[in-house]
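Quick one: the structure is below, and I'll ask about it shortly.
By letter and in written order, the chains are A, B and C; residue numbering begins at 1 in each of them.
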Amino acid sequence: MWQKSRPYILILPSLIIIVTIFFGGLTLGLLQSLGLMGIGGDSHLTMNAYRQLILSKDFINSLALTLKVALVSSVLSGVLAIILVRVLFILGENRKTAIIRKVFQVPMLVPHVTAAYIIMLLFMKSGWISSIAYSIGITKSIEAFPSVVNDPNSLGIIITYIWKETPFIMLMVFPIISRIQDSWLEIAQVFGARRQEFFREVILPLILPTWISSVLIVFAFTFSDFEVPYLLGITYPKFISVYSYNMYYNGQLSERPLALAANFILAIITAMLGIAAYKLIKIRDFKEVRW
Amino acid sequence: MAKLELRNICKRYEAKYTESFSLSNINLNVEDGEILSILGPSGCGKTTILRIIAGIIKPDTGRLFIENIDITEMLIENRNFAFVAQQPLLFPNMNVIENVAFGLKMKGISKSERLNSAEDMLANLGLKGFEKRLSFQLSGGERQRVAIARALVIKPKILLMDEPFSALHEELRVNMRELLYKIHTDNKVTTIFVTHFKEEANYLSDKIVNMSKGKIDEISTL
Amino acid sequence: MVKLTMKTHSKVIYYITIGVLLVAFLLPFIPLFINSFAYDFRWPSVITKNATVRALKYVFYENSSTYESIFNTIIIAISVVVIDILLATPAAFSLVRYEFKGKVIIKGLLFAPIIIPSFTAIMGMYVVFLKLGLTESIYGVILAHILPTLPYMIMALMVSYSTVDTALEEQAAVLGAGPISRFIYIILPHILPGMVAGASFTFLISISQYFLTFLVGGGKVSTIAIVMFPFISGGDNAIGSVYGVLFSALAIINLVLIDFILKKYYKKRKFKII
């Protein structure tokens, strides 16, 4: 009997922590958003919070903005990652490219708060790039420099995410490329394929599932991130995470269920993205067994 | 009384990518101090028998007896056997003498005592001076000798050897079997030796068990 | 076999592309450094004319909370690493070695924090934390940091466990080693690289947390991220930059340390199965 339950016992400590704190927290959040556990002793099950959210212009606009930014950031990061990976592949494997590859990973070391700040220093109207532009004569004043941070298009946020997440996607894709390259490159070259063609015909299709699932992971992350939009976003519309935070801490007690309802919706969306990403990675594993 | 007795051992394997495999009605007696060889082609089940004796695999049916005591359910680590495989399987995070002394450490023997015993055993196998080396600094034959030293130093009830010399080239194989024979003459440890080389079996054994396709064909005494 | 080589001129195009992008990637660090030493580094100065250590002085000499925040950040991160190792080592072992009912679901539960943001759980959990006295306490923050880090530690260890040669374990068992001995002498030395990788990543994630630390610590538990915040959301740029550099330095030290430890480890034990 001891033998049979051993696997469960080994997992138990980790599972307890995650289930009680993480899922416990999500559940409590859900319950509070449904009107239960009211602070003033006033609890009854109600979909009020959700109804209010869906009807709220603020929420819908937040949702739209967050989705848009997440989509743009993740896709652009993905595309940039592929471009970089392709260029690095074409340049071949040597000391130089190995170092270059490592250098591109540097943004991953920097925490998102710092990254947002760095981008701000670069791109704000009184920032460094603006200074350079003025000195060269491209712009004539502080105001002439385009709004990149704290702007309605969330450019600063997108740039920050691209800077931080492109290395991540590259990191996910690298191991697969090196495996493919070890096995098949020389044979392909005998058949007359240059590196560019090998990349397009062989590597690209094979990294596709992993690439898509990495993009999904980045999407889920940028969609739910707090620190970057808090620093670089504008006052309206807010990102969903900032919206929820604002409502919880700066709003009235009665608005708390709304904040938690927004959180729950956030959690559901990211969970679904996670499941999709997982299924895609499994396809890749299956494909690999075949060849 | 036989030292080791296998009674009606059966084991069936459902393999995913290869054919299924079946060991049926294995009955075997091994006498104290003898060298018994199991001879047969690849895939006939001889390695499986060895692993069942060691306790690594559980048989589907049948019992295992050591000096008349039923050990079929006994855990691997309690059997006090020794196993030398085709690959030396030296522990990579330990040097030669730590490897050899490992079994003694598990028995709770003091550090100085076990290092002494290990040193002596290494000398017996012609490896004096190799104590501090790491496995990658040894040749194939040297590694196998360390593996044998590690097995013998614990004074096992039974020494199990699974094609221990098959990975070595022919001249080395001959040297190793002669070394083994000499060591066995000195300490008379009960040995079960699996091989597919007839000359090896003939040279070493007191008894040869011929196997094919999961069954014992013939047992001959020399 | 004739290897086709690229013509030199087309390779140049690629090098230029990489060069440009490289600069773009490293560019952001420049103002950070300059700012730290800047006296009145304001628009439109491209390079500061007056170098000063004012900001450095403030951060490291005048502001007492700097040292407290550095201390807290490191203590929290190390605690999280230790707890994660203790939790993840058995869990990863079980996930790699055993098949059992509900394994897929359990895996999903354990890895969920990678994709679902932890703040959703923490905000929901706030009332309970409050009741348990974990808010505004370093213990609560440590507990909260476990959520986003544990899954990565489990993953790193799973990779290591999957490369252990069971033949070695069987050999150890035959030589008399019970399950605990086998773990200590055979398995543990083997999973050390995975443990170090997981620890490094966990450390990085923990020191980078702002929101989680803020939610639980309420501003009372000061970490580098917390102390840095007011300066970067529209405060003194120079000071903010110094904190930014401090942060990056910590992360780089962490990485260099890990690299060094791993190199020493691999040199000492040439890990070939022989």
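What we mean here is this: contacts are C-beta pairs under 8 Å (C-beta built on N, C-alpha and C of every residue); 3 or more make two chains touch, one makes a residue touch a chain.
Quick caveat: nothing in here was measured; it's all calculated off a predicted structure.
Among the chains, the centre nearest to the mean of all shown protein C-alpha atoms is found for C. More C-beta pairs touch across the A-C interface than across any other pair of chains.
Mean C-alpha position of chain B lies 47 Å from that of chain C.
Each chain gets a centre from the mean of its Cα atoms; for chain A and chain C, those two points are 17 Å apart. Between the CA-based centres of chain A and chain B the separation comes to 55 Å, rounded to the whole angstrom. Shared interface positions of chain B, i.e. residues touching 2 or more other chains, are not present.
Within the complex, the chain A residues that touch chain C are 6-8, 10-11, 13-15, 17-19, 21-30, 32, 37, 84, 87-88, 90-91, 100, 103-104, 106-107, 109-122, 125-128, 130-132, 134-135, 142, 163, 186, 189-190, 192, 194-195, 217, 220-221, 224-227, 230-231, 241, 244-245, 248, 259-260, 263-264, 266-267, 270-271, 273-274, 277. Note for the complex: chain B touches chain C at residues 54-56, 75-83, 85, 87-94, 102-103, 106-107, 134-136, 138, 143, 150, 154. Against chain A, in their complex, chain C makes its touches with residues 1-4, 6, 11, 14-15, 17-18, 21-22, 25-32, 34-35, 42-46, 86-88, 90-91, 93-95, 97-98, 100, 106, 109-110, 112-125, 127-128, 143-144, 146-147, 150, 154, 204, 207-208, 210-211, 225, 228-229, 232-233, 237, 240-241, 244, 247-248, 251-252, 255.
Listing the residues of chain C that touch chain B in their complex gives 165, 167-168, 170-178, 181, 185-186, 189-190, 269-274.
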